[in-house]
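Structures follow.
Each of the next two complexes has subunit A plus one other chain: subunit B in the first, subunit C in the second.
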Partner chain A sequence: MNSLFITAASLVSEADVRAARLGSRFGRLDLASQLALLAVEKLAADFDGLGRERVGICLTAAAGSLSTDAAYWNGRAGVGGPSPTLFAYTLPSAAIGEIAIRHRLMGPNLCFVGHESDALSEAAHLILRGEAAACLAVFCHVVTPALAAMIQWSPAARAGALLLQRLDTGLHRWRENDRDIAAMCSLLSAR
Partner chain B sequence: MRESVAPNSPAVAIAGCGVTSAVGRGVASLRTAMRTNQSGLRACERFNGPLFQSNIVGAAPLAGVGGDLDDPAHQLATEALREAREQAHEVLAAIPETRVGLVLSTTKANIEALERLADGRPCSTAAQRHLQSNPLAADLAAANGASGPVQCVSVACVSGLVALQQGAKLIQRGVADAVLVVGVDHLSAFVVAGFTALKAIDTVGCRPFDRDRGGLSPGEAGAALVLARADLAPLSAIRLLGWGNSNDANHLTGPSRDGSGLALAIRRALDSAQLPPSGIDYVNAHGTGTPYNDAMESLALRAVFGEHCPPVSGAKGMLGHTLGAAGLIETILCVLALEDRWLPGTPRLVFPAEGAPASLLIEPRSAARLDRVLKLNTGFGGVNGALILGHE
Partner chain C sequence: MDALANELKAKIVESLKLQDVNPDQIDDNAPLFGAGLDLDSIDALELVVMLEKHYGIVIKDIEEGRPAFQSVRALAEFVRARRPSQ
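Showing the complex of A and B:
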């Protein structure tokens, strides 16, 4: 039981979000949180079996929360001023809260703005250090057309999730600087 | 949940600190404020108007305020890093730049640029680049002699404590011998209007743990710490002894009512430092001044320490809530407390709330023993962080 394995993986797009049926609360989330939550849902993980207090969440938000930031700030002139609901999602880590609430996960959390591989590597290290028994590595990249026009980026809306566990077998064995994992991250990034 | 760090993992020490905040430039200004229980909160005319619940904020002495400062995040971070690197000069001089990393803690980076772009106001290319936190981290690393690993952490108001942990982990993993950990968030209409929308601001300035508290006061700061392998730092340097994190799994913007999530983080930190609760001499609380946060934090402390809670105080009546810088500037305050054996007070606290710890410190005072300090932060998304630091 000394090896780390990716035991489940998922990729979702904005089309998947439109088709999702995750209850009324889901519709009130920002797009980044919807994508991330749906990616974790698609893992169909047995969190009861893992011990919810010991499941960590590592998230990389490649573009931070800038799309939600722009939507929130563009609403400042509306009736009643900027939206308090949207303000709560102007943090890159907001999706972590939504995942933790839905699945009642009380393990440690990390959130990076940067490359997708940060989340996977740090998820592995949380397990290796004994801080978590299992860990979700979640990647999220959202650039809405409104933000893309403002900062000259390409629009994007996708997320992926991997579940990392200390097991004897799984979808893929984790090794630091693993080229297969790097390829998987690139796939997530490029999709 | 004990950390399973390899037995030969190096201890991590704090070799230098730097800060610019509402109480002034430099660590000396923070020390004076700590000694005198000074509050840096004051009225700021930028925040007059219907978008803002109050104009009482913790504004730093930034050059160009009221003028055309379009990259305040970079300025605050740069000032803090300059001072921290000066303090750690001898340690850093012995370490190749490729073995020096940087971890940035921020929630909004240079959000000033978004406001300017939305309004059609002038905004330099650099300021626009720093709207994203990872280019800001990369530029700070390049300008400050950190050619090693660079990370950008953003975990709401726990970001600072998580960034310190990440810096320590990079050293313990052997990928760096020193890490510049820098936290920054600047005052912005974006953030003050957001907390106004949530009705989370105390109109007369925040009063942590006070019976009449009415919310937080937004603040801004740049705060930096140089972490280094303890064998490369002076023997007297304060060390990071352990940490723990958790999630309430309860509510996106509100803390759990019973404090169980924060209590879990504290227990994890004690376990990681291999200390019993009685090993803690002082607690620096998150203490936002919002009714629910302070009540939750009081319950968490009672759950862990029972009737024997060590002295507790909070710094947000001094500095405001500096978001991504909060965990770092408040950790620097803890370093000063440990160095001076001085228990900080809680500026602006007058009447302790019912249920607040009996050991709550209104005024600062000297301490006969002050060897181990517990630093707490909590944040949106239900995140909780606890860090223990102290003498070797």
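Showing the complex of A and C:
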């Protein structure tokens, strides 16, 4: 079993979040964490079979947590101040914590802010270095309309997840030049 | 039927964004933390903000609010005692 295979893929949008039912506390997560958590949920991965202490998470957030940061900052003028709950999500890595808590994953994790291309190859290298038996590669891109107006980006709310494992077969054999997670999620989740 | 308690239940659900929790199903005497709604420390801070925003009650020390957060009934009594006269 020397090859790395993508064994599950998912792609979700804000509409999927609105329809999702992941427990009473799902509503308090910021949109980025909701999207990332839902993307991983839709993989329907058997983490028990993989060994939860050996599953890593690599997440990339193209706009970091800027949308949540802006919402928190805008709340400072209100009576009582900004939302304490929102403050917990003013870090781009917050989604990793939510994924790890929900699925009790205790492997290594990495968060990238910027282009998504690093997450999948880094996930592969975590496995190749023997630091993880399997790894989630997650991308999350959230630019709320309020932030879009501030930074002149296009509004966006989507996330995708890939599960990478060392196996003999899977949806797609990982190659060194496989870097565009969004495109791969779109392609593979359609299968 | 305590109108303030019912109002507080709705505000708890709204401010804590509790999904699939019907305010009418919250027991007036059930503990809010540790059991019952199973709220945590961040929720406690969110409730402090809610009390200031909707009832003008400022809690400067979380210890001050601890007895109030034992149940919806305790919270209603706290609000009655502490909210500024209108």
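Keep this in mind: the second predicted complex is superposed on the first by the 178 of 191 C-alpha atoms of A that agree within 3 Å, B and C clash if a C-alpha of one lies under 4 Å from a C-alpha of the other, contacts with A are read in each partner's own complex, and residues count from 1 in each chain.
Methods note: contacts are C-beta pairs under 8 Å (C-beta built on N, C-alpha and C of every residue); 3 or more make two chains touch, one makes a residue touch a chain.
All of these numbers come straight from a predicted model, not from anything done at the bench.
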Tell me the contact category for A:49 with respect to subunit B and subunit C: first, second, both or neither. neither
So, does A:100 touch the first partner subunit B, the second partner subunit C, both, or neither? first
First (subunit B), second (subunit C), both or neither: which does A:21 touch? second
In the superposed arrangement, which partner chain does A:79 touch: subunit B (first), subunit C (second), both, or neither? second
Quick one: classify A:88 as touching subunit B (first), subunit C (second), both or neither. both
If you tally the residues of subunit A touched by each partner, is the higher count for subunit B or for subunit C? B
Which superposed partner A:70 touches (first subunit B, second subunit C, both, neither): first
Common interface residues of subunit A with subunit B and subunit C? 81, 83-84, 88
How about subunit B: which of its residues touch subunit A in the complex? 1-5, 50-51, 107-109, 111, 114-115, 117-118, 128, 131-134, 137, 151-156, 162, 166, 169, 173, 190, 193-199, 244-253, 261, 264, 268, 379-383
Touching residues of subunit A toward subunit C in the complex: what are they? 21, 23-28, 78-81, 83-85, 88
Residues of subunit A defined as touching subunit B within the complex: 52-54, 57, 61, 63-64, 66, 69-70, 72-74, 76, 81-84, 87-88, 90-94, 96-98, 100-101, 103-114, 118, 122, 125, 128-131, 150-151
Residues of subunit C touching subunit A in the complex: 16-21, 42-43, 45-46, 48-53
